[in-house]
Amino acid sequence: MTDLFPQLVRWRRGFHTFPELGFCEYRTAATICETLAALPGCTLRVGRDAMETEGRMGVPTSAELAEARAAALAAGAPAAWVEKMPDGLTGVVAEWTFPRPGPTLAFRVDIDALPITESASGSHLPTGAGFASHRPGRMHACGHDGHAAIGLGLAASIPARSRNWGGKLRLIFQPAEEGCCGAASMVAKGVVDDVDYFVAGHLGTAANETGLVSCGITDALAITKLDVILRGRAAHAGMKPNEGRNALLAAASLVLNLHAISRHADGDTRVNVGELHAGSGRNVIADRADLQLEVRGATTDVNHYMTGEAHRIIAAAAAMHGVEAEIRLVGAAEGARCDEGLKQIVREAALGLPQTTRVVDTLPLKASEDATIFMNAVQRRGGHATYVLIGSSLAAGHHHPEFDFDERSLPHGVDLYAAIADRILSVK
Amino acid sequence: MTDLFPQLVRWRRGFHTFPELGFCEYRTAATICETLAALPGCTLRVGRDAMETEGRMGVPTSAELAEARAAALAAGAPAAWVEKMPDGLTGVVAEWTFPRPGPTLAFRVDIDALPITESASGSHLPTGAGFASHRPGRMHACGHDGHAAIGLGLAASIPARSRNWGGKLRLIFQPAEEGCCGAASMVAKGVVDDVDYFVAGHLGTAANETGLVSCGITDALAITKLDVILRGRAAHAGMKPNEGRNALLAAASLVLNLHAISRHADGDTRVNVGELHAGSGRNVIADRADLQLEVRGATTDVNHYMTGEAHRIIAAAAAMHGVEAEIRLVGAAEGARCDEGLKQIVREAALGLPQTTRVVDTLPLKASEDATIFMNAVQRRGGHATYVLIGSSLAAGHHHPEFDFDERSLPHGVDLYAAIADRILSVK
Amino acid sequence: MTDLFPQLVRWRRGFHTFPELGFCEYRTAATICETLAALPGCTLRVGRDAMETEGRMGVPTSAELAEARAAALAAGAPAAWVEKMPDGLTGVVAEWTFPRPGPTLAFRVDIDALPITESASGSHLPTGAGFASHRPGRMHACGHDGHAAIGLGLAASIPARSRNWGGKLRLIFQPAEEGCCGAASMVAKGVVDDVDYFVAGHLGTAANETGLVSCGITDALAITKLDVILRGRAAHAGMKPNEGRNALLAAASLVLNLHAISRHADGDTRVNVGELHAGSGRNVIADRADLQLEVRGATTDVNHYMTGEAHRIIAAAAAMHGVEAEIRLVGAAEGARCDEGLKQIVREAALGLPQTTRVVDTLPLKASEDATIFMNAVQRRGGHATYVLIGSSLAAGHHHPEFDFDERSLPHGVDLYAAIADRILSVK
Amino acid sequence: MTDLFPQLVRWRRGFHTFPELGFCEYRTAATICETLAALPGCTLRVGRDAMETEGRMGVPTSAELAEARAAALAAGAPAAWVEKMPDGLTGVVAEWTFPRPGPTLAFRVDIDALPITESASGSHLPTGAGFASHRPGRMHACGHDGHAAIGLGLAASIPARSRNWGGKLRLIFQPAEEGCCGAASMVAKGVVDDVDYFVAGHLGTAANETGLVSCGITDALAITKLDVILRGRAAHAGMKPNEGRNALLAAASLVLNLHAISRHADGDTRVNVGELHAGSGRNVIADRADLQLEVRGATTDVNHYMTGEAHRIIAAAAAMHGVEAEIRLVGAAEGARCDEGLKQIVREAALGLPQTTRVVDTLPLKASEDATIFMNAVQRRGGHATYVLIGSSLAAGHHHPEFDFDERSLPHGVDLYAAIADRILSVK
């Protein structure tokens, strides 16, 4: 086991105390930059150099971003680095170029937190051990604090490991994975355009067992997240019912017909309108309805079908009741296929580590992840990609207020990633 | 009482034995023409001279028209007159011009029957007395046989009555009142363009009492009748569900949303999808749905609102499920307002008749009638119009297989119409 | 004109500055009590003696009542009277019994305000003249401040007017008319059980003209206001969609089917779901939906039909999606018929006043009013009832932030009510 | 290759000329009985001895059965055997018991045809070769004529093959496989209660290649077929809309909500309302709606979920609109799992035949089959089951008017079944 363990725990716990939502990761990203900048051979891209402003989805309002930035600075975020991240452009790309020729290998780690209030119970380790979130309504309940620590750990171990390496190693710190909002704009910026091997990973999930490694995943559901605003016209429901344009009624028709989208021959589909808020008074015909919805598909194509159906139904439900529909894309992820050859490399790397207790080929993810957007971009250009699960015994499920992972998985992750790099970058 | 009673009964019973549906009234109309042609001073317009081919709604197919024509000829319809009624143009307009100047007065009588099989019970007078319908599935169950007889009776009594009359008297025999299909094309032809006074009437309805006269009506509901065909794409529901375009599902959404059209501040509305037939097999996504629907409104404007809403919803329901919608207008009637002055003339005329037992200003019709299209056309040009109810004790309600009216109302109707003409056309 | 004008304006403006919502009228009602208690011959019933605790609808929470009570006391409400009004029982019944026998006559005035923020524009008279609402989000925007002043004015004028009166005069100060929440519990208490003549009234509405008096109304729509809570079961929309019980989907089905309730042959109907709030996150199957809805009918019977349909549809929509439905009745009013004889008395009373410029028999209310519950209770026991409109030129429509009536209508109202009492109670 | 080829073709073509729908297979089943009765050692069970009267689904009316029986007799069906098949009990079970002990092996073949009119094109082999269906609207378009021939061929080959066999061989000729209507009643009768090995099979389907053998299948969708009748109350849509109970509107709500049943975490689902017929006239509120629907699931459990949801939604949609719902189960099939050991036996048997060109482990069926009910019944008692595909090059897809299979697959099927029997029944 790497002797980085105490440092990994310090990094992880540091991030854990100050969780930041998507595109608000000012302190997290600036801390990562400051740490990496101290390492020899590391080139950094941040802000507009790491992601496109436009390709992002679900970006908070300017006021929310400003508030997050101020809070980060107040909490000691390195101001010089925060300066380089205007308007929530909190992605970071670190790169090492080795003298000899070789392939380009990229790892992605995600760094954002969730809008959850962490458990105050003393039996919840972060609380008991004093590193729980300082921020009500914000929590690292999905392990991205650990991912960020693994990324730093891998970076820190490169000098000692890379003597025989050729090509390039790139470390992508992605904001806003929750909601599937951040990956697309980094892909749009081209940060994986030249990547030959791409590895993303996650602590826990289906690999709820410390020591287990899954070399790939199946069942990553492609997803499209839409916000819909229907705008109608108010009228008194008793005196002028025919003068209204009923946004609530349009929303009801929309919801029913969305849920009735036909199943698809090529695999699983999902549809959910998770929130609906409409109307301004019992006796007023509702002039506005706000809906939050998502569709998913077993593959990118199946999800494309669902998204197309949804768009058509939204437009028609609005037209049906004479209201206007505005549709905002606020998140997206694709389906994924893990390459056999790269899974085999992961398998060998994992089997070579003393911490590894068990290796499986794949586990079903049964959820959505925008790492898939990187994966498909790499594969479309002929590269190889996989999504690794780093097993960790969990105290409670992901997104739960008492979520916690086994910190022994941090050095396991670092060593696994380093071993993968060894196999891919070592010049024979 | 006019001594026409026996002749009125013969005419009525003759029409009753051979009921003909809308635009198929070959024998009825040709018999009317033959009878009128024998009267002095009567000018006749039939076929293309009495109605526009295009303005009609709900016209039977060519095959159905041909079959109806053949049946009429086989039943003894005067062939020379049938010849003048191509393609179901079965309207007849008779006119008398008097030597002295004066206003133009028009009466409308409707002549079509219903797709109902007449009761075979001996206690049903037409059956017991031997003049029931000879045609299964066809019946004069709304009294239009009586209306036609009253029209002929009025025509027959003109020579004796009109010595002191000036202006013109026009008698409009309208096909296809049931379904509100025929009036618009006669109006389009201009048959009421120059009319100063217009009177339509009905036996019975709310005036279910022999001897009663209602000088006008309220609550004639404007109506629009639409046939809708939704055309989608079939697909195997198990193997290729996403390849279908589900016309049945579109129809379901259409039906629900049509019934949910908002009420109107200005008066009653109605909506009904009365028939829906869709699909070709349990395991096939339906590629076609046929709907028969109607909307109504307390006024022409309110019905216009309902019709507009329906059109928008039909288009949107089709778009929602990716199917094509075809909309056919198959019937229409308007709201109506009876003129006070003309109601007063009717009142005086009625009170002067020995058969009259009671006179009321108006009764609510609570139904739809395309005489309203004549009425509004006359009123738009400054003329006066009303809709008279000629009371008659009914054996059973309109459209019932045992419907029958009191034949004593026939001479009452003739005398009432003649007395109205006397008041309007007599030169002082 | 009564010389009460300055006092009426003081009362009205006093109430206007401190508007209180339904069942929160602590200061208003206590001020009324204090004023009335100073008058000779006046008996007062308040709190549990004026209304049933249970019959009320839409009662605020205990916390809201306590807050309103504290604010009233802080604003100088007479504490002794507030003490007598526990739990929002803010109704007041004043009574005068005259020595000689005679009928019982009751007037109802309503005293509550609306959840509206008053206009701060200087051109809005209450603001310009310095008597605008002191309370953001609360406003007398329907004239009930004026109604309360008219009630006090009538009370104050009784001693001088009643020398020749027999029987009883009762003045009912009703809380919570907005929302149609308060009348039923006063009727349940029996406050009109022995009433022979009942008069309610309103400033303005369809009588937007100072000096006009309408002796009665038509088109008071019966109404039922329901809050519906649907409770389902949350589940992850991607991973466990079949484990949810979708309250949002049930709500959508409920809304569509409610709006599709069939029209009624006997008169106008209305239905509106004015607010719908459902769900707790995009990727969670919604476990709760809250709806605010109302149905109306031209008559109490037609509204009874609508209410029955709504209840059945709510239960079925919940059952359809396996969720639980809770239905809360939060407001109700009935249809109304104004008695001819009493309208005639009002007509004569109005015509005898110098302020009256015009008298009409009825005007259409086209809205809902729970005075109708009093009216029907009185008429069921053989008494007579009407609903008077006291004309007033309005600065803006009812419920508008710039609503204001013409204060000259206050003495007109007092004199009209006193003249009605004169005609009914004077011993001949 | 067996020398039965000419006989197999005669049998198949004989059945092909006289296709019979489910439970109407009088001529087919009686011919099978007559043929089998001539074989040594064969015991026959028919009629009430082969299936339960009650367990059947989708049984034609008595009149339809009587007509089918008369047609069969007129076409030369052996009357003595037809006599033994009252009320459409057209199942046949043949059995051979061998002297030595051993397991019980059962094969199922299905014998019914489809309501399709066969192609009259000369390029369609059955038409060109003169053995097309003699019955318009009836066709063996799924190869069950071939299945019946293979069954007879296997029976005919037993004497020569079975010298070394022990145990029992049972041949189950099942009626009404189309619609998934017949298997359940044979299982209910106990015809597989003692079966150790069960093999069903199909020509073609996913194995559209002569010479190919698939040892098992995946993706057999469990299915439930329901007919729903909604009964409401008619009323005139203009005059008495509130007096109706709208079955068409209930059907619309039913359709939308059925299609909106939530997806399932455990696998594919399907839902389709394939036919809907409602109403009796445009201006009449529909008093009846008839729906034909089906739900499916990847497994028996998933389909059970779908069926439960459908039942709840049907009941609630009826309750919502005050109509009565009658639900008829008219077909059902289960999910299936093919046993590994038995698939291995099939593989070895197939590989030993000269006609076999290719063997695969499984192919996806992607459809529903009630052989699954036999399979699960056998497996529940500890037996083994599989569903074999006998490859055959098809002229057109199953259920197409030009469907035809390659008759060389008939001896391949017989030899495959016999080889399977050899492996299972041979006494070592």
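By letter and in written order, the chains are A, B, C and D; residue numbering begins at 1 in each of them.
Criterion: a residue touches a chain if its C-beta (ideal position, glycine included) is under 8 Å from a C-beta of that chain, and two chains touch if they have at least 3 such contacts.
This one's a predicted model, so the numbers in the text were calculated from it and none came from an experiment.
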Query raised in the report: Which chain's mean C-alpha position is the greatest distance from subunit C's?
Result: D
Query - Selected interface, A-C versus A-B, where C-beta contact pairs are more numerous - result: A-C
Query raised in the report: Hey, how far is the Cα centre of subunit A from the one of subunit D, in Å?
Result: 49
**Report entry** Inter-centroid spacing, subunit B versus subunit A (mean Cα positions, whole Å)
**Finding:** 69
Report summary line: Distance between the CA centroids of subunit A and subunit C (whole Å) is 54
Query - For subunit B, residues that touch 2 or more chains besides their own - result: 239, 241, 249, 253, 256-257, 259-260, 262-263, 265, 270, 285, 366
Query - Partner subunit B, residues of subunit A touching it in the complex - result: 239-244, 246, 249, 253, 256-257, 260, 262-266, 285, 305, 312-313, 315-317, 319-322
**Report entry** Interface residues, subunit A side, partner subunit D - complex
**Finding:** 256-257, 259-260, 262-263, 265, 268-271, 366
**Report entry** For the subunit B and subunit D complex, residues of the former touching the latter
**Finding:** 221, 223, 225, 237-239, 241, 248-249, 251-256, 259, 270, 272-286, 289, 292-294, 296, 366-368
